[in-house]
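Some structures are shown below for you to check.
Look for chain A in each of the two complexes below; its partner is chain B in the first and chain C in the second.
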Partner chain A sequence: MAATQKKICMLGAFAVGKTSLVQRFVDGLFSEKYLTTVGVKIDRKVVAVEARGDVNLILWDLQGEDDFNNLRATYLRGASGHLIVADGTRGATLETAIRLRDLAAEMTPGAPCLLVVNKSDLRSSWEIDDKQLSALSEDGWCWLTTSALNAEGVEAAFEKIAAMVTQ
Partner chain B sequence: MRDNVPETVASALARAVIRSRRPAFVTSDSDGNALRWGGSLRAYGIGELSSGLAVADQIPFLTGLLPLADTPAEWFRMQTEGVFADVHLVPHGAEDWIILLDSTREVRGEASVQQLRNELQLARNGGESDASPAPAAASSVAELYSVLGILALARRPDGSFSVVGTPPDWALALFPLADGVANPSEMSPFLENFLIDADPHWHERRPDRLRSGPWREDTPDGDFIDLEATAIALPRGSLLLVERLGARHRDATETLQKAREARLGHYELLRDLEHKEVLLHTIVHDLSGPATAMQGFLQLVEDVELPPQLRKLSTTAMRQSIRQQEMVGEILDVFAAERRDLSDFRFDAGGAPDLVGCVREAVESMVPVFGKRGVGLRCDVLDQAALRVVGEKSRLDRVLFNLIENALRYSPRGSTVSVGVESARDWVTVCVEDQGEGIDPDLAKTIFEKLSQGRGDKKGKAGLGLYFCRITIERWGGELGCEPMSGGGTRFWFRLRPSDP
Partner chain C sequence: MTRSSSDLPPENGQQPDDLGPLRSLLVGPEEAEIRSLKERLDDPAKFAQAVGDVLIPALRHSAEQEQELDLELGPPVEKAVRSFIRDDPDTVADAIFPAIGPAIRKSIAASLHGLVQSINRSLEHSFTAKGLKWRLEARRSGRPFAEVVLKHSLIYRVEQVFLIHRETGLLLEHVVAESVESPDADVISAMLTAIQDFVHDSFEGPRGQGLDSLRLGDLTVVLEHGPGAVLAAVVRGQPPVELREALVSTVESLHREYGYAFEKFSGDTAPFEPTRDQLERCLAAQYAEDDATMALPKWFWVVLVASIIGIALWSWLSLQSRWRWQDYLDTLQMQPGVVVTDARRTSLSGGMVRGLRDPLAASPGDSAEAAGIDPARIDARWQPYQSLEPELVLARARQILSPPTGVDVDLDGDRLLLRGEAPHSWMTQALTLARAVPGVREIDASGVVDVTASQYAAAVSRVDGRRLHFGAKSFEPVEDLATVVSDVAELQRLAGELGVSIELGLIGRSDGSGSSVPNLELSLQRARHVQDALMAGGVTMALDVEGRGDLDRIAAPEDRADAENRSVTLRVQPKG
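Now for the complex of A and B:
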């Protein structure tokens, strides 16, 4: 049986680790060097979801949104779900994440969003604290923490979103 | 040709036609089955025929056309086996005649005339022509795409795409483009998504170009390339161009990268600074601990009977200790102000302080100190109505205290410091004037800087008081300054915006 295809958008402020998470997940690699993504890069990986079989994730890595560049809303079209990434060491990226979730909800009603707070290897210099995170849970957010550097939580994040979009 | 042309000329003409146009024929019966055939059938890719079998089964391009029945004679032009052929269909009695004539030369001639016409038009319109790539004329445009390394796909009416000209090498390496047919939806999910926007663009024949924005594809050799797609609606066709982004795009990317790195670097620096300041803050704070303890001991000593000499020493020690604590307080003030400087000041109009009230309080609280030093303190705002300004009360109090205390420090015994408030449409101004020596105009420019050395030998405190005033006032969108007065003495002033203009 052919795997079902699901488009997932990687959303978040620049340099939060969207590209690094995809690279860690798809190729098992990590690079310290920051190479900004311009435009769109699409990668694929099949994950097995319990009781649902294989899901072919089509991962759309979109460039970070900032003063220099705006996200094109049309890129979100047809997405089954979104991984919204924030950088634990930069509190402001959580605000961007919240804004992006609203945009995603507008563009793709019903598509689930999973918040990923990345760079858990730098926990000691995080600006996002547990209180903020539990407030997000109360707000209905699904979130988990990851590190593209040491791979912690990365598989779990992609498996989680795969499960969420095949619900 | 029939009547007035001599027989010899007519047959010469016929021979010439036969030589140059390679005629061939097939006839069929009223059921469409082959009867007879002859001529250069092979030139048109037609091999062995069998009589009695359906012609259309043996010559695919005649499918659906036979028998001709009562239709009048007609012809069409087609391409087969690399040659163009004019196919004449002529019903003749019980037989249908299918006659093939080679028209390749004619088509080529037309094409080159058309191409010339297009090129002329291009030249005339400076490239902005509607030079529609009519099939025969498309060749020069197609060459252009190849030279530019652009993959050009022409949209067919049924929604499929054909490749125009020769695809560039990068495209051949990335996408299946065999047979000159392309399916953008299968080439990349990115293009699939772009087609959703391109379709209405083509359909409505919008005159502008629709760009997809850049996207990146991995190449089979492990590298990547950046591409961008453009949808163009021409008067008689729709084009999808896929272009490899070159040096300009790399430059733009690099600039963007630098800007983002700078933004990250700035952020890291700020945070680093903040960490250091927190550390320093803690240290400074700890410095005031022993001073408080020392003042406690000295207080005990003061309650004891002491010879006048010792009493004097203990009073001096007490004064020094208080001064130390003041210095620490001053440094902590600046820390607090600078720290908040990094974040945004959000003004709450409801909490706007009354400047007149603040001045009145500050003056009243300082009257005793002035009395001790034999300096007068005059204030002519005591009965003025409230003036609310953009700012925050506790810091405004510190600013006023600093300025009045600074004036006192430079006031000779017997002189007077006066404090006034003036209100204009856009500003509310506070002046603190002393009758001291008058500040050196050069110093007036730098006195509000961090760690400015102050005036004369009365350097006094940590040199941060006026700096604190500046960053606080400027943060509220105000201004401040000082200058010597014509009749002697110095005027310090600051002004703030009224909170309800």
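Now for the complex of A and C:
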């Protein structure tokens, strides 16, 4: 276990593509069965970060039904950073993302958050526009767009969060 | 309440009693009502009934207002649940784990796959009766054979120990028992943490306290919590009480040493590598003792293998020794002049023999050495005898005759063959002795050349006719007589050896100068001179001395005629 370990939470509204992103990223899927019961699926991926060496990301894929209140906040405890996922085709998921960031800031003060706007392959039917995104940047958000479908930006997103948590 | 029932409690202790009438005036009509209320409050049974009547509607009402009742009732209820969990955690755990059990079992089972396979391999070829029974059971139940074996033979085995950071759920260190593989330990660590979080959230338990154990079929995860880290032991079979004690003391000692490191942990697990020793001490196993194939003590196998090797070695040595002994007896029996009457092998390296042996036979020690047996380890007793086997007859003949070099002695049936060159004396002796050799009936000496006879002939030819020369009118020879003397002595010795009687004639002569009478005298003197020299040289044979003067002249070329006649001539002749 030479690599530094970091706990990363996947946060976001229901069906934004958290599980798909992890699936796209990690080498193999560990277990999905108990996800609904315990409310979390855990996977691992080792990422090389420049000048920091290998980082072993322990990814907690939290089950967020659209109801924000159903999230088990306890699971955020001890996380080094969060990947907050929104669905570009559903504007409401960005609202959820903003609320989740506040929750994350409360639970894990100082842990960086990276906003991932997913489903970039469906950009034509996006409800979230560039104006909204640039407003987020001004607001101090770090964000990028991804597609779990065609893998665009997925590696970059996880590498980015790995770099952020090892700063 | 010590006051009389007619008195209402005053608002102020200093108030005078004369206000009583005023009071009764003011509240008189309600006094009875108040009294009855007071009675209800004073009587616990009545009071309880009254509260009971309103409590349910009150709760219902409050629930509609949300917030407040939650706030008020929350803490005591939480406290009650907490103490319930504390007092009877098993019930709670048992209630919740059927739901999550299968999931975590699956993930742990995946990591145990390696172990199962390795056991499968190692047991593949065990065909004991028990093994066969278990194999059938495995076939019937559809479970891997190794799992069935473990079920029957294992009381418990601590297969993995996780040291988990409490705050992050990250794996700090992890050890596994032999042949267990767990490549996903870091994920399992997080899952165990998630499950604990889930239980916490679901039961609002205190943070310092957590799950004691999860039961997942044959596997149990025993958890021991510390403020900074959690120890999780994955146990196959029934975890013993001592395991809990071991985990508790390990958690305590780890916190003493690493308490600060736990607090400051930010993903770098290197500082926790030294905990491996302590974690490994928690790995333990105990197997059922009635399982003969697994529980036999190590020394038994050592002794068994040693005995097998020992027996094999002994058999081999004994077989070799048997072979060697047989070899020895065979060569011994073939040996001429040896008769074995009794023989026995008395040890791996020796034995005893009894029998007859011709003293001239080959040494029995040589047979032993040829067969690889130390002759000193053989107790041999030989009775001497004379063998009539040809080899021994010949050996005996050689011993008795002791032939000189140049003589071959051989045996053809019962005929002794002598060949080569031999002195006359040995021959005469040999012909007599050979007749006394047992087993010899005839002697054939035709092949023997008598060297004495030929030497005698040579000596005769050297001496007979030899002419010794003298100066004119002198009886002193012109040549040295030493060689003649020694030649004659040799002739005399050989004649003696052969038993031949001879005499030597010495015939003196003179040249023709002068008159005949003095010449006759001179010739005689010359012969006598030679006679003296011979006798002085040890010649004892008869010497016939004769002087012939110039009467018997030797014919010779003119210039040498007289020189040849100034001489003495030697003549070998039979005696008498």
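Keep in mind that, in the parts below, the second predicted complex is superposed on the first by the 150 of 167 C-alpha atoms of A that agree within 3 Å, B and C clash if a C-alpha of one lies under 4 Å from a C-alpha of the other, contacts with A are read in each partner's own complex, and residues count from 1 in each chain.
Assume contacts are C-beta pairs under 8 Å (C-beta built on N, C-alpha and C of every residue); 3 or more make two chains touch, one makes a residue touch a chain.
The model shown is predicted, which means the values in this text are computed figures rather than measured ones.
Visitor: Would you sort A:Lys6 into first (chain B), second (chain C), both or neither based on which partner it touches?
Guide: second
Visitor: Considering only the touch criterion stated at the top, classify A:Arg90 as touching first (chain B), second (chain C), both, or neither.
Guide: first
Visitor: Who does A:Ala15 touch here: chain B (first), chain C (second), both, or neither?
Guide: The answer is first: A:Ala15 touches chain B but not chain C.
Visitor: Under the stated touch criterion, which partner chain does A:Ser80 make contact with: chain B (first), chain C (second), both, or neither?
Guide: A:Ser80 sits against chain C, while chain B stays out of touch.
Visitor: So in the superposed three-chain picture, is A:Asn56 touching just chain B, just chain C, both, or none of them (first/second/both/neither)?
Guide: Touch status of A:Asn56: second partner only.
Visitor: Going by the contact rule set out at the top, does A:Val40 touch chain B (first), chain C (second), both, or neither?
Guide: After superposition on chain A, A:Val40 lies in contact with both partners, chain B and chain C.
Visitor: Same chain A residues contacting chain B and chain C, which ones?
Guide: 7, 34, 37-40, 42, 58, 60, 72, 74-75, 77-78
Visitor: Which of the residues in chain A end up touching chain B in this complex?
Guide: Within the complex, chain A contacts chain B at residues 7, 14-15, 34-42, 58, 60, 64, 66, 68-69, 72, 74-75, 77-78, 90, 125.
Visitor: Touching chain C in the complex: which residues of chain A?
Guide: That would be residues 1-2, 4-7, 30-31, 33-34, 37-40, 42-44, 55-56, 58, 60, 72, 74-75, 77-80, 165-166 of chain A.
Visitor: Quick one: which bits of chain B touch chain A in the complex? Just the residue numbers, please.
Guide: Answer in residue numbers: 188-190, 193, 196-197, 213-216, 224, 226, 228, 249, 252-253, 256-257, 259-261, 263-264, 267, 271.
Visitor: For chain C, which residues count as touching chain A in their complex?
Guide: Residue positions touching the partner: 99-100, 102-104, 106-107, 165, 167-171, 173-174, 184, 186-187, 190-191, 194-195, 197-198, 200-201, 266-270.
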